[in-house]
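Heads up: the structure comes next, in structure tokens.
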Amino acid sequence: MNPAVHTQADKRCELAELVAHVREGDCIAIGGGLSWREPMAALRELVRQRIGKLRLVGSAHGIDVDLLCGAGLVAESAESYVGFEQDFGMAPNYRRACESGAVEVRDSCCYTLVQQLRAAIAGLPFMPIRSVRGTGFMALHPEYKTMICPFTGEELVLVPALRPDVAILHAQYGDARGNLCIEGPPVADILFARASKKVIATVEKLVPPEELAEKGVTIPYFYVTALAEVPYGAHPTACYPFHAYDRRHTAEYYRLASEGAEGFHDGYLQPYAYGCASQAEYLEAIGGAAVLERLACWQESPDAWMKLYE
Amino acid sequence: MNDRSEATCTLGEAMIYQIARTIEDGIVAFHGFGSPLVQLALHLAKRTHAPRLVLVAGATYGVNPTPPFLTPTTNDWVMNRGAECHLDIEELFDLAASGRVGRMFLSGLQIDRFGNLNVTCLGQERLQLKLPGGGGGCNLSCDVEHVTIWTGAHRATVDPKGRRRFRLVESCDFITSVGHRTAEGRTRSEMRYRGRGPDRIVTELGIFDFDESGHARLAAVYPDVDVATVRENTGFEFPVRDDLSSVPLPTPEMVEFIRALDPLKIHERELGLKERARRFSLG
Amino acid sequence: MNDRSEATCTLGEAMIYQIARTIEDGIVAFHGFGSPLVQLALHLAKRTHAPRLVLVAGATYGVNPTPPFLTPTTNDWVMNRGAECHLDIEELFDLAASGRVGRMFLSGLQIDRFGNLNVTCLGQERLQLKLPGGGGGCNLSCDVEHVTIWTGAHRATVDPKGRRRFRLVESCDFITSVGHRTAEGRTRSEMRYRGRGPDRIVTELGIFDFDESGHARLAAVYPDVDVATVRENTGFEFPVRDDLSSVPLPTPEMVEFIRALDPLKIHERELGLKERARRFSLG
Amino acid sequence: MNPAVHTQADKRCELAELVAHVREGDCIAIGGGLSWREPMAALRELVRQRIGKLRLVGSAHGIDVDLLCGAGLVAESAESYVGFEQDFGMAPNYRRACESGAVEVRDSCCYTLVQQLRAAIAGLPFMPIRSVRGTGFMALHPEYKTMICPFTGEELVLVPALRPDVAILHAQYGDARGNLCIEGPPVADILFARASKKVIATVEKLVPPEELAEKGVTIPYFYVTALAEVPYGAHPTACYPFHAYDRRHTAEYYRLASEGAEGFHDGYLQPYAYGCASQAEYLEAIGGAAVLERLACWQESPDAWMKLYE
């Protein structure tokens, strides 16, 4: 009934074990946003383990949700945005899955999501919100209710608490106890961590507790179920300061995804997900050290950084 | 750089200036993801007439950042370099919900006469085309004080079956964000939204404001566009201001600023090839 | 230090041990301000039987701090030295409201048979004595899974007018935090509180648990206290457990730990001079 | 109607000017907590300017609220705690003012306060809360309403939005634009800053914007109305890392406050508030450099630190 707190002394595990915390049909909150700090290695492991019928909730996402849709693991999407912005445009696998009916479209909005997560975090059945009324989202979400405010007489929307089964995050640093340090925009990761029943995380680097405390704890350990050290676990999305966004790989992803389900399966899923037993094999498959060095060069100069987007 | 480039601006640069002109000084303004024209407009406004603008960058929620260049994805450390501070995602939306965000910028694959927008899906009975979705636009369109609507694809296209496809449509298949009247015809004051709704639609053909009834009204056109062209590319009838004007153009210094901030010309990705070729003399 | 001090513990040290024994391993436990006996009990529990305890320090909201010594005020950097991380004030209360805080510790100037507490004010008709107030006790008494009630001033005093003043009273003048029955006699399950309420009252005379009806029941007494003494110092009738026992005493190592952490003997400020003099042999 | 954002380029001012933002009868949220980072210099200036009929809201406080009560500036108190813990006990001036009826007792609770501030921050008329029912606070606050949850059928309390007129804070660092950096427990300062109509702050040290950004912004500038550099502005409460809690001065305060209204006026308010035209004069009055050096010695060793509490 009451959400657990996670206090085991050592939460480190292998990626396969980590991702096994996800069950078929779970409601999943994916951390990061757009091309930033997506837990891609964990999602590729989901693909390998073929854990499906997932119900996704989140704000602005891209290749992460598109990959899961392309692998046929998604039953429902309540994201607020899934696409590649001006970079490449619409998300090919996501579109196909929605338009074919494979994925039930339950689009949401950022603040609605925030309020639903806040309700879960505060142990409340719902949170009020003044917006949403008058939009198509009311019909899309029959679970929303309305009330007349006893203080002002205005109509308010009541959005139910949203407690994801599992939050899947990628952070720069973590310690064995599960404390996580996120540098740069946390996006909705902190809300996801506080609201979800389980939190599993990959980290670029495991560090001693003292070092983590020094860097600053973004997500306290007792929210975190398990974590695995997976360098470049966000690739091809960015995980600064370690590496920038791999636009070249994403372009190839997009080209293959645009070729249709089969082309994507044979051209992308096979070589980069099913065909890679480990993250090490994946890193070889994407080009190995040469590529990783290129993505690390962003700090050298604005020009060097800019070249990564050409 | 040659004389010509100094003496002219591109359509994109002119549009950026039109959007920048809708931004008041001393307010909190926020842009979403995937909107390079707006990102550049905000930086231009802060650099020129709105130095006290609180510029909140979409996706990173960095406040008053000074990015070295524009990237094609918004949630990138490039875009929040030099930020004075950062907000949490919930803080930005709280600011809007409490009436403290002065302006937001929204676009849509469908835009109706009242400023309702659709970026969710096409198809009435059944889903024909799934669009990326509206992010926080639904919430912000209700809460934010003023909204600038923009699109670089006003010009109607012809689909394979020879049908004209309008961006400014008779009605939206889905209402992602609200304008001045809901699908049921209810006004914003009836709905008791906190914000006042859209006050401009900036397109590559012209600029609309909204009349007292909340209906889009043509207020200005670009030097190379006439009212007839706007009419034939718009899916609904619209009134025209008596004082219809030609859009003001940016100064050469503004154009320099834009080109320096967007060396990769990311903003042109919002425009068709034909539109990108348009130039206006600053002489 | 001399043999005697090694072979005995003070009442305060014995009380700290009684409170520590109510703390489960692997839970989130929180103490408020102004409760040195509880602060020491939490550190003792974590150091002994509850290594996985998530110890949240009141006022600083530091998690698992290792203070060099106890200070007389809780919101002091001394008290959050070595903290693994810190919570915001709202985060701690959210954790409680969402059912994730396993135990909280509450006291009162009035404690009734159902574990209702008053730290707000004395006087029914008119305010006679304004007490400091309950901090977050009101909210936490409803939300937290289990509550340990404690007081170092169970022993009744005689006021200037010769009236006996009880700490454990027939009824509270004001209900600051709730026990097992509200003033209207409604049970916790009727009220649908998230938490299960108090399960112990630790005093300087003995320890109460609560029977099925939610009524305080004497479960143990200190070696130098008998049931009659507890009765004459308690403002309400109470049942006594058949297996009434003498409170267990801490080990010398535990006593050492407490003395090392509280060299200023801050915890004795919760006890009257007479109580401070009480000693129990650990032989 | 809509709360303002504060964007003037330079918000620095003198203490007297800063405090003049407070109007008679205002609802005031005082930052810090107990013996930590109370804006005492600003409160003493309130005393000098005799701005009264104040309605106080807050969580756990002590000498700050007691001082204002002793100066007769408080009409109503909705604090959750006002006292000196095991250090000295009950708050003498606060007790007298409450028991005499001069101060209306509207005690609140920490989480109730948090939820009311959150409602203001999110522009909502109220926030739901599951606790409080069954306590004496329901009768004390007739403005609370209850509802039956349309999702669960349980009874919930609705607490109205609380938007203080002015939040008075003391931070370690600030810049001319009004960005504030708080080191150590923020207590409710961040919530107060986001919820209040005006935020006025004293800071130990004004630093350049770059330096402040480097330290980290706790409260963004646009929430802040004005700020003044007032070293030791929290004395006698602690403002680490600059100085520890002055227990000796607080003991003297307590002794004088316990002597009754007159004794407090003549013995404390006169020499330390009315009698000091400036913070500099106050610092002389409390013992000058010798005392300040003593309070700075906490970092030398645990023993040196501990001596401050003897």
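Read from first to last, the chains carry the letters A, B, C and D; within each, the first residue is number 1.
The working rule: a contact is a pair of C-beta atoms (placed from the backbone, for glycine too) under 8 Å apart; a residue touches a chain by one contact, two chains touch by 3 or more.
Since this is a predicted model, take the numbers as computed values, not measurements.
Centroid distances built from C-alpha atoms place B farthest away from subunit D. The distance from the centre of subunit A to the centre of subunit B, each centre being the mean of the chain's C-alpha atoms, comes to 28 Å. The centroid of the Cα atoms in subunit A and the matching centroid in subunit D are 40 Å apart.
Inter-chain centre distance (subunit B to subunit C, centres taken as mean C-alpha positions): 60 Å.
Multi-chain contact residues of subunit C (touching two or more other chains): 86, 97, 143, 194.
Within subunit D, residues 123-124, 129-130, 154 each touch two or more of the remaining chains. Viewed as a network of touching protein chains, the structure does not reduce to a path, ring, star or complete graph. Chains touching one another, given as pairs, are A-B, A-C, A-D, B-D, C-D. By the touch rule above, subunit B contacts subunit D in their complex via residues 26-28, 51-54, 63, 83-87, 91, 94, 97-100, 102, 143, 145, 194. Of all the residues in subunit B, the ones that touch subunit A in their complex are 33-34, 36, 59-62, 68-69, 71-78, 80, 86, 88-90, 93, 96-97, 118, 120-121, 127-143, 174-178, 182-184, 186, 191-194, 263-264, 266, 269-270. On the subunit A side of its complex with subunit C, the touching residues are 1-5, 7-9, 120-124, 177, 179, 194, 209, 213, 217, 220-222.
The residues of subunit D lying in touch with subunit C in their complex are 33-36, 59-60, 62, 79-87, 90-91, 94-95, 98-99, 101, 105, 107, 109-112, 114, 118, 129-137, 154-155, 184-188, 190-191, 238, 240, 244-245, 247, 298, 302, 305-306, 309-310. Interface residues of subunit A, counted against subunit D in their complex, comprise 123-130, 145, 147, 149-152, 154, 156, 158, 160.
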